[in-house]
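As structure tokens, here come the structures.
In what follows, chain A forms one complex with chain B and a second complex with chain C.
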Partner chain A sequence: MNFKHKYVFLFPGLFVLIGILIFPIIFTIRLSLSGWNSYTPEMNFIGITNYIRLFTDDPRFWESFFRLSFLSVSTVILQYIIGFALALMVWREIKFKRFFRVIFLIPMMTTPVIMTVIWRTFFHESLGPVNDLLGHIGIGPILWLSDPVIAKFTVIIVEVWQWTPFMFLLLLAGLLSLPKEPFLAAAIDGASTFRKFVYVTFPLMAPISIGAIIIRLIEASKIMDTVFVLTSGGPGTATETSSFYIYIKGLREFQMGYAATLSFTYLVIMIISLTIIAKVLTKLMIKE
Partner chain B sequence: MEKLYKILKYTFITLWTVFIVAPFLWAVSTSFKDFQSVNSKVTYIPWLDFEPTLEGWRVLVKSPARGGVDIVEPYFNSIFVTCTASLISIILGTLAAYALSRFTFKAGFVRNNDITFFFISQRIMPPIVLSIPFFIFLSTIGLLDSLLGLVVVYIVLLMPIAVWIMVDFFNRVPKELDETALIDGCNPYQAFYKVVLPNSIPGLIVAGMFCIIFGWIDFFFAFILTFTEVQLLPVKVVALNSSITPWWSLSASALISVAPLIIVAFVVERYLSKGNLSGALK
Partner chain C sequence: MKIIKTCLTAIISSVMIFSPMAYADKWSDQFPHIKATGDIPGECSYESMSKKNYKGKTLKINTHAVPVMGEPTALHAEQFAKLTGAKVDVTHTPAGDLYAKAMVPFQAGQAPYDIVFGFSNFINDWRRYLEPVPKKYVEMKQMQDVTPSHIGIASWDGVMYQFPVDGDRHYLKYRKDVIDNPKYQKKYKADTGKELRVPRTWKEYGEMAAYFNDWDWDGDGEKEYGSAEVMKKDDLMYAAFYSRSAAYSKNPKTPGGFFFDLKTMKPLINNPGFVEALTDWVEATKYVPPGGINFGLGDEIGSFGGGQTLFSFSWDDAFVAAMQPDSPINNKVGAAQLPGAMKVWNRESNSWDEGFNQAPFFVWGWAVGVAKKSKEKEMAFDYLCFFANEANHQADIGIGRFGVNPFRDADFQADVWTQIGWDKDIAQSYVDTLAEMEKSKNRVFPLRVPGTFEFNAALATAAAKALAGQLSPQAALDEAAKQWEDILNRVGKDNVRKAYAVGVAMEDNKL
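What follows is the complex of A and B.
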């Protein structure tokens, strides 16, 4: 086959993507070296002043980053456990299998911000149903959105509701693609349900699990929509994630230069940490 | 032991189903309330707890001048942007995925896998990182606050998904298929168009659904890159939230915004049960 044809297939997509992205990335790097803000909206050059400020004088960014790590890692772990459990339960024959599969998929089809608007009324401290129902069984009003610690868990609940279906979908698709022979062999050996899971299902699912966890971590590291509507980063900065902090700096306080510094640093940290996590997970879960 | 497991299983499934359905039920109930039944005490069941009204739903089609919300235009904007960006992403992504699955590329240390990874890794990019340069970029070329500008941005969001799903899918379409077509005298484009594509329809549908989902649910870019001229659905609904919170129309508009994609859940399930997804999503 003539080798030139392959470029005709590849290049349109590749160049459109690079074409759209190249400007923003170069621009972000250049902007991060400038002092662009609402007083001096111009591309001056101030060297690495912004980076020095970030690494020496901005605990709020690092706090928001650790908060983000906590939120994304804990939601993804919960999503993995629940998603895997749900996938295992509707994998084989159960009653109303297809009905449950559809129900379990629905939340990921709904727009996060819009559902969060509903969640906000749902968790409303005096007019929402959660506190009302809890009140009937004698549990006092819980400050779902205005207590710094509980607000984090509210965000986690909403994120788990929203995205467990995605994990469920990836894992169920994986389970359905597994070969039948190992399970037959285990059945002939008379293995119990539990042992079958530990020695057959789980090892076979390891590569798919890693893929699913990484994909979810990538998406979870962008937590923003939920926080934006549910708590606006509050109370105080209790639920502020990196994206939200950058948003405040850049598009509310118009410190564009500094926001670009934050963005670029954030992106580099994300790429490095996701690569490390992928390597570590592969080592932990796939035993030769 | 087996019996205990079964009880636990059904309990867990039931509880999870309740958890998933709860916000929808609450929203449906709230959408029929009026000021009195939202603000006096928490009410659940129409007729029993409160007197239902259709006010929340009526507001949606009234023009803003007459105290309405008018979500019809944002609705069509959202449909247009999502579908256009998905279509472009699918076309370009499918072509690129076919190339990456069938041919070998070498440029320096870059191999096929690296190019595939480059495509997919665009998902890592946090929206906020792109939004500031896009904001300035689009305002320079005059596309800020326009549908076209959003389509351009959404291509970046969606093409990685199309490439990710289609590369895996093409890898499972046997190579002999195109080889036979080439021997029969097709050129590579005909082989792709007449032989490979018709055999990839399940993959294309899955990729298309995922593009539509992730296009439809995006909020952040729409929020930052548009103001008054064009509004997308999520932005419109969230704007309602920040005003004096008429929960009834808020719930009604939220329900009507998430409704179309719930149909997608049925389609996804169908493909899942037929086994078409298993390969496409690995």
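What follows is the complex of A and C.
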């Protein structure tokens, strides 16, 4: 029997894949080999000049990358810890369980840009309510947005507030799907709550935890809107992340060719590093 | 007969005297924005526009975020729509994205916007995509009153690409009620041994700002601070830095470039003059309000205009905002030229020239053009002409948050400002300050070269690093100079030199 016609059914999906994934990547690679900018808006070929510039003469990109690594890893760890704690709380039989579940999800349902504008107002150092309240108890004013170190933690606070509910949701779904038998066995053995968590809940949740952490790491590594609205990468370049730096090079300074180089390099680095992180997490969290 | 004659004379006189007002009232009733003047006859007046019919057509505008320039754009769009029947879509974009928002479609050969707002120093990158302003607009009456320097700003090689809607320069704004206050003058003298006066130099500015920082000197129960400045990276902070640098680096004895040495195209921005200015600026982070290191233009306007600081320097907006009737410091502010310095760097002798030096910085401001690929060019130019008509212009320049500043000869008359409630001496000091800047022979003009956005962004990033304490002033400016060299190599030294020579000729008073 001839089954060649079956390939016809693959075409729609293939076209979509080529259109939305393959073509943009190939175009980005080609663009990265050009010097397209505001004064020479053309797809000329300049070889690997942009890549040489990136690897030999652009410390700002690498600084932004390491800053991004710090921000994304720390926010995701905090989100995981808080999200897990909240999920455990409403997993049990407590009063107003449904109410709390909805309340915990609200931050995630709000628009990040709008919420960041509100956070920026809260943290405004001379007009915002946070410093005003702290002032009443003799603290401050704290330079939430204009101290290079504190500004990073301000970004972390906003990110954790916004995205912990996502972690909470995934982990709660995981908890609700766990089998009951291991918990019954632990209870019969007289295991304490702590031991039940360490030896039963946490190991059973490991695959879900890894998935949730990786999803959040992918998202956190693209952090842009929070930084853009809250600090514009400042003070100085203290909160500038890779995606914000690429945006500046591409859409502010209009160095399209170089921005494509940064984007493609960043994509490769992220694919490699997230693969390694996933493997390391699997090794650490899942015991055979 | 005599009675009839008298009556006729009275009627004719009344018609002659009151007809312009009746004419004005007709439009100011519908459009309260121009209630102070009514409509003023002209090619693009309310009356003239009401005779145009753009029904069924849509005009698309990309402008700045509200309020600075965004608010008047939207207001005049609404008025224009009412008068002509056109549909006007206004898109608001943050300042840092105005360049790219126009450039992306420009380079793709598209025209999603008929009108694009930006800054006048974009002209070199944008002009190939903009429609030159048609002769009929260039020659019309309202354009004849625009100062020659602002006609020059809007033009390149004698062709006008940008429609003049704004005129900009940086100058000093100060709290007159403090600086001229005998009680504070005595106290300052007793505490510091120095005179309290309008600061002549940046060092004096810093000393006074530090002295009046972080205490309630106006008795309103709130703390006040020394200075409000645009220090936020990517929010025009490079212009603030150039303003602080001009006195230390623009040496009238060494013509041939402020940013580059025109002969060699070597960047000058890391010479000791610029480093001194950046060192002063880093010091200024100690006397700005909390969070002042993140102040953008809107914050600076709100801070000084709201009475929070002793000094400020930037565009007119903060001053005009402070002078509005609803301002807590209405008629309590003064204007003066930017402070100078007691030494200026001489790049030829490689040493400081001692003595007072002052150099105004003409920060060419908002600019607007019509896309070459627009299908509604006539309507677009009519809108811009209407935006800048005399009635709208007079109303707009009196509203600080609008960001529309003087650029016509008529604006430099004190009467224009006393009519909107300014004290006579303040109005006079304001127009004198602007006029003195026009007359100065030691001016600095902004970069208008290919890749200007890259140059300014590199400088702003370096300066921001110094302000944040990430780098020393010298290291930051060395980094910027290195980046300027790289940009020069990418763009081509000759390309940049050719364009820069035009600005240098203006600075050296050869144009």
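The working rule: the second predicted complex is superposed on the first by the 273 of 288 C-alpha atoms of A that agree within 3 Å, B and C clash if a C-alpha of one lies under 4 Å from a C-alpha of the other, contacts with A are read in each partner's own complex, and residues count from 1 in each chain.
Keep this in mind: contacts are C-beta pairs under 8 Å (C-beta built on N, C-alpha and C of every residue); 3 or more make two chains touch, one makes a residue touch a chain.
Because the structure is predicted, anything quoted here is derived from the model rather than measured.
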TODO: Check whether A:Leu251 is in contact with chain B, with chain C, with both or with neither, and answer first, second, both or neither.
DONE: both
Open item on the list: With both complexes overlaid on chain A, does A:Pro107 touch chain B (first), chain C (second), both or neither?
Closed with: first
Open item on the list: Just to be sure I read the superposition right, which of the two partners does A:Met167 touch: chain B = first, chain C = second, or both, or neither?
Closed with: neither
Open item on the list: Tell me the contact category for A:Val155 with respect to chain B and chain C: first, second, both or neither.
Closed with: neither
TODO: May I ask you to decide whether A:Tyr266 touches chain B, chain C, both, or neither, giving the answer as first, second, both or neither?
DONE: first
Task: Dominant contact partner of chain A by residue count, chain C or chain B - done: B
Open item on the list: Contacts for A:Met205 in the overlay, against chain B (first) and chain C (second): which applies, first, second, both or neither?
Closed with: neither
Open item on the list: If we overlay the two complexes on their shared chain A, which of chain B and chain C does A:Leu71 touch? Say first, second, both or neither.
Closed with: neither
Task: chain A residues contacted in one complex by chain B, in the other by chain C - done: 250-251
Task: chain B-facing residues of chain A, complex - done: 1-3, 5-10, 12-14, 16-17, 20-21, 23-25, 27-28, 31, 82, 85-86, 89-90, 94, 98, 100-115, 117-122, 127-129, 132, 161, 169-170, 172-174, 176-177, 193, 208, 211, 215, 218-219, 221-222, 224-225, 228-229, 242-243, 246-247, 250-251, 256, 259-260, 263-264, 266-267, 270-271, 274
Open item on the list: Which residues of chain C touch chain A once you look at their complex with the stated criterion?
Closed with: 96-97, 99-100, 103-104, 107, 125, 232-235, 289-294, 308, 450-451, 453-454, 457, 461, 464-471, 486, 490-491, 495
- [ ] Could you pull out which chain B residues touch chain A in their complex?
- [x] 2, 5, 9, 12-13, 16-17, 19-23, 26-27, 30, 38-39, 41-42, 44, 92-93, 95-96, 98-100, 102-103, 105, 115, 119, 121-137, 152-153, 155-156, 159, 163, 182, 187-189, 192, 213, 216-217, 219-220, 224, 233-234, 237-238, 240-241, 247, 250-251, 254, 257-258, 261-262, 264-266, 268-269, 272-273, 275, 277-282
TODO: Over in the complex, which chain A residues touch chain C? Could you list them?
DONE: 35, 37-39, 41, 57, 60, 124-126, 131, 141, 143-146, 148, 231-238, 248, 250-255
